[in-house]
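A single structure is presented below for examination.
First chain written, first letter: the chains are A, B, C and D, and each begins at residue 1.
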Amino acid sequence: MSLSIGVIGTGMIGREHIRRLTTVLSGARVTAVSDVDDELAGRVAAAIGARVLPGTKLITDPSVDAVLICSWGGTHAEYVLAAIAAGKPVFCEKPLATTSAAGLRILEAESAYGRRLVQVGYMRRYDVAYRALKRELDRGTIGAPLMMHCAHRNAHVPSFYTPDDMIADTAVHEIDMVRWMFGTEIEAVRVLRPRPSSHAGELPDPLLLILELANGVLADVEISVNAQYGYDIRGEILGESGTAALGELSPVAVRRTGRLTTPIPADWRERFLAAYDVELREWVDTVRAGGVVTGPDAWDGYAATTVSAAAVLALRTGKRVEVAMADRPRLYR
Amino acid sequence: MSLSIGVIGTGMIGREHIRRLTTVLSGARVTAVSDVDDELAGRVAAAIGARVLPGTKLITDPSVDAVLICSWGGTHAEYVLAAIAAGKPVFCEKPLATTSAAGLRILEAESAYGRRLVQVGYMRRYDVAYRALKRELDRGTIGAPLMMHCAHRNAHVPSFYTPDDMIADTAVHEIDMVRWMFGTEIEAVRVLRPRPSSHAGELPDPLLLILELANGVLADVEISVNAQYGYDIRGEILGESGTAALGELSPVAVRRTGRLTTPIPADWRERFLAAYDVELREWVDTVRAGGVVTGPDAWDGYAATTVSAAAVLALRTGKRVEVAMADRPRLYR
Amino acid sequence: MSLSIGVIGTGMIGREHIRRLTTVLSGARVTAVSDVDDELAGRVAAAIGARVLPGTKLITDPSVDAVLICSWGGTHAEYVLAAIAAGKPVFCEKPLATTSAAGLRILEAESAYGRRLVQVGYMRRYDVAYRALKRELDRGTIGAPLMMHCAHRNAHVPSFYTPDDMIADTAVHEIDMVRWMFGTEIEAVRVLRPRPSSHAGELPDPLLLILELANGVLADVEISVNAQYGYDIRGEILGESGTAALGELSPVAVRRTGRLTTPIPADWRERFLAAYDVELREWVDTVRAGGVVTGPDAWDGYAATTVSAAAVLALRTGKRVEVAMADRPRLYR
Amino acid sequence: MSLSIGVIGTGMIGREHIRRLTTVLSGARVTAVSDVDDELAGRVAAAIGARVLPGTKLITDPSVDAVLICSWGGTHAEYVLAAIAAGKPVFCEKPLATTSAAGLRILEAESAYGRRLVQVGYMRRYDVAYRALKRELDRGTIGAPLMMHCAHRNAHVPSFYTPDDMIADTAVHEIDMVRWMFGTEIEAVRVLRPRPSSHAGELPDPLLLILELANGVLADVEISVNAQYGYDIRGEILGESGTAALGELSPVAVRRTGRLTTPIPADWRERFLAAYDVELREWVDTVRAGGVVTGPDAWDGYAATTVSAAAVLALRTGKRVEVAMADRPRLYR
């Protein structure tokens, strides 16, 4: 039997996941959708033969086996809590919650429920390049890790993008990634401000984050959200006996007018399209099989939110900020 | 409604396609299978809840919407003809036929039927790198094409591999690819014999094919089937104002013991996995939508077989062999 | 007439320069040498037909047109001052001086003399890759610079290497390079300590330097002196509209056992051999032509030493240290 | 004592070598020059304080220790013979002779003299990339060689360039290179004609040469003399267990407007400047030391000319042409 999924939020990312579940992946179908914009929800539902339901109704509706949350970030925690209350697997796009406190409530609810139901949408863990990088690290190819150098560059961001978004929406991907890559927590954060780009309006763009991990690894992360030239994600780990870096995934190389050129992705869709496919395929397969989700869980979501909050404070104050994290509940050990 | 597919041939490639249709792609399910090995067919069928039917029965069975042929090459033509007779869309793994004459019969049968039902499994047309290469060519980035340099290297082949297989099973991929890339036919073939590898047993391995295209483009193709080091597919087009080449798709780069290293795929599965997914997804989507298949058609299959036969003759005689091709029937223009 | 050069210091780098002047470059010959080890100096002199003189005598000797200082760093300033007093062009291996105060005395002496006689041996300015990088920056290819990411990795250092050496001997190359690259001064320095490598003994290795430039550019510099795998120098500049990075200079690419590999230099000699040749050739040509040296001058040497001192303090204290630099004398504007 | 060199031919390459001997390399000076254009010879001589002498006088003049021949190719053999008669070391730019017969006379004259005096200017043997490639081959990194794929692309050639020049002036570099790389002779040649470039006027451009070596290795060589986009030299050897290729020597990598770009050399000067320096330095050092030249000798020059003649015939006739080579005289074994 295919998995019946209810999707909350039919904005860009929601519609993208609906397309994926409907026309790309096997084993699932979208049977209900919800959006603050009823009319939009209606149109999306009609195209795929789904029903429109208010978010909380959708979660409890018996026809919905599992929930996919793609609404505005501020609403995530509430919906996740409702899904836990309904005992249903829930895939929540990042962030799990916009505050540590809300994240903590989810940890408590899920712990009380006694089984992990929540997965958070940090798709880099499913990217072929990050997976290959982690495989080399875990194999010991480069020895114990000492540092990681990262860059996260967007060609452009919308005019409403705020300095906090540069952390909580952009850098949060690296925050989750380094926790996963090294299997350890981030203990302190600094945010440095280089000369701002004239293309960045009022934004302090670029930024340089310095993340201190519990195992001593130091990660520096360049965040550029108006890099103009393309979407560019880099990562190199320095180990005791070598380095490993994300590779160049260039389908074609052109020699012309005195230059050898290879294309750079235009945006995150192009760069991470396959990762989103793998992420959702693995989630659907696991849920259908009745298993416990293997991707980023509620603890990962809570940790990312908590580190983000520390980084936002570091950005505002210019100081090194230590991350104040709750004890890890037994369910997530 | 999902597409009901009958699969003839449950060997390696058949089972791989069944896995793809069952657990990867949406929109199709395998409802019947067939194999010369009844017991194998029975096990495969049981695992996915399909029926076992003899090949020709499978094709005409009303529960089968479309047919996928993955049996031994010598049987392909007969099954394709049966599918045309049944008026059913048929995806035939390469080759379409093992002789030009058999291919011609398919062209005639399909022409008589009046609509294209046949697609042949030349998956390179769906590969991200080949598609990017063709896009650059078609955009005119490098000007009119003059030459193409190709290499097709397998790490190893089984001991039963014959010299003819080096053409008809290996080089045939480049034969189809250059026809598609340049939108023209191959008119003559030479096959040169470099010093044979000591890893190749009795095989004349490597070979160098020289393909002369109707538009004057010359393509040289190295065929190595015991290259030892990995599976490596290369292609570079020389145009009037530049060159375009298949890119390096390296997920990770490691620096260690005095060397920067990137991985090379082990085999064709690793290299073309995604291309097979795209190929079958596009076919399923097209067939479900009632459309005419857009991939390599029966004419392409006939042409590949006919050029292969010329290349086999060129290999045996050491001479330049002109390709004797039938006129292209109206259906394929 | 060829230029008669006196070389002070016949250790490794001194002998290397003597070899260069004697057998590689045209236009100069070494006519006198000096070393604290008389016997070593004697052997070196005998091999090339030069005289042995005490350092200060060598400088004033009428047969010596120009002086090359390759002795122990602590002696540099004294010899440079003597050369200025003698009115002779002097090429001083880095550092110009081991303290800011000594550097300042050189600036004053040279200013009093009224003409620049001093060049300091920061050879990266002569490297083909750094020059290409600077050319792209200066052409505006990537827009105004915002950040620079650097890594400086040595495979190994001798057991007597100190934490201060990691700054004053290793990172000082990047300190000079960023000043030259961006044509501006470094105003503040931080030094962060990642997890130390188990190959590094007592050294805090690697380090991460954060350099704040007067124009707002922020440069992060990884310093690894026991990186094991080779000598690796990296640099990437983020500009407002793109990035430019040092290229890969790989003479050969090997595919073998599942890997594409390119060689990494073993040490700085291999990486910068050609840069040393160019550096000394340009210096000899300029001095022979009676011109004013165009390479790193005494002010550059003073600045590198002063920033190094600030970085050493930053390493010891863990704090951000502002660089206290003298006003730039008129001679160096 | 520095080596006194007489240079015959003060055209572009002659002046370039004079510059090299005068301002780049140590150990030699140009004391006499000769040219069919007396006025040009006079100007060149005046700039460096050399005398002007007629070619044959220059060779016998007692003040000339060694001879460098950079005149028009048709005159080379005569001057080389004169140098042998005078018992003087002679460096002859390619070709050694324009006919096999003339080359043979040189072999006989040098054999009669009893000692090798002649070196021919095939500079690729001194290129860092070709040397690294040969080192990998000789180390056995890739096993016994089976094939080599080459491309030799010029952005443009002058309007007077002839089809024969495409062989004798351009492809001759690969002809010498494969002989040197594999330590064996070329036995037969084919020349194929792809679609000609519209930028090539009347020239059959590009060409594809197929070289058959005595050890069974097959080399295919693309010759493009109006490739427009730059000067591009490629080479990849297929061995029994891997491949080795000329690396990418890119000093800088720029990311801009959706593309990662690295520069391609504009012409042979840019690509092989360092190789010319090394070539002449090693020759000067060897001659000064009284040694026998180690670079391409008269036999290599004869062989290159003889294979070129076969390739020209192959180009004109469209046939496979076997190379008719004299027995190798004892002096060159």
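Operating definition for what follows: a contact is a pair of C-beta atoms (placed from the backbone, for glycine too) under 8 Å apart; a residue touches a chain by one contact, two chains touch by 3 or more.
Just so we're on the same page, UniProt names per chain: A, B, C, D = Inositol 2-dehydrogenase.
Because the structure is predicted, anything quoted here is derived from the model rather than measured.
Chains making contact with chain B (Inositol 2-dehydrogenase) as well as with chain C (Inositol 2-dehydrogenase): A, D. Of all the chains, the one whose CA centre sits at the greatest distance from that of chain D (Inositol 2-dehydrogenase) is A. Taking each chain's centre as the mean of its C-alpha atoms, chain A (Inositol 2-dehydrogenase) lies 38 Å from chain B (Inositol 2-dehydrogenase). Between the CA-based centres of chain A (Inositol 2-dehydrogenase) and chain C (Inositol 2-dehydrogenase) the separation comes to 44 Å, rounded to the whole angstrom.
Chain geometry summary: the mean Cα position of chain A (Inositol 2-dehydrogenase) and that of chain D (Inositol 2-dehydrogenase) are 58 Å apart. Annotation for chain C (Inositol 2-dehydrogenase): residues touching 2 or more other chains are 228-229, 232, 241-243, 248, 250, 255-257, 262-263.
Those residues of chain C (Inositol 2-dehydrogenase) that touch chain D (Inositol 2-dehydrogenase) in the shared complex are 21-27, 128-129, 131-133, 135-136, 141-142, 241-257, 262-263, 274, 281, 285. Remark: chain B (Inositol 2-dehydrogenase) residues 228-230, 232, 248, 250, 255-264, 266 touch chain C (Inositol 2-dehydrogenase) in the complex.
Touching chain A (Inositol 2-dehydrogenase) in their complex are the following residues of chain C (Inositol 2-dehydrogenase): 143-147, 149, 151, 192-199, 206, 208, 210, 215-218, 220, 222, 224, 227-229, 232, 238, 240-243.
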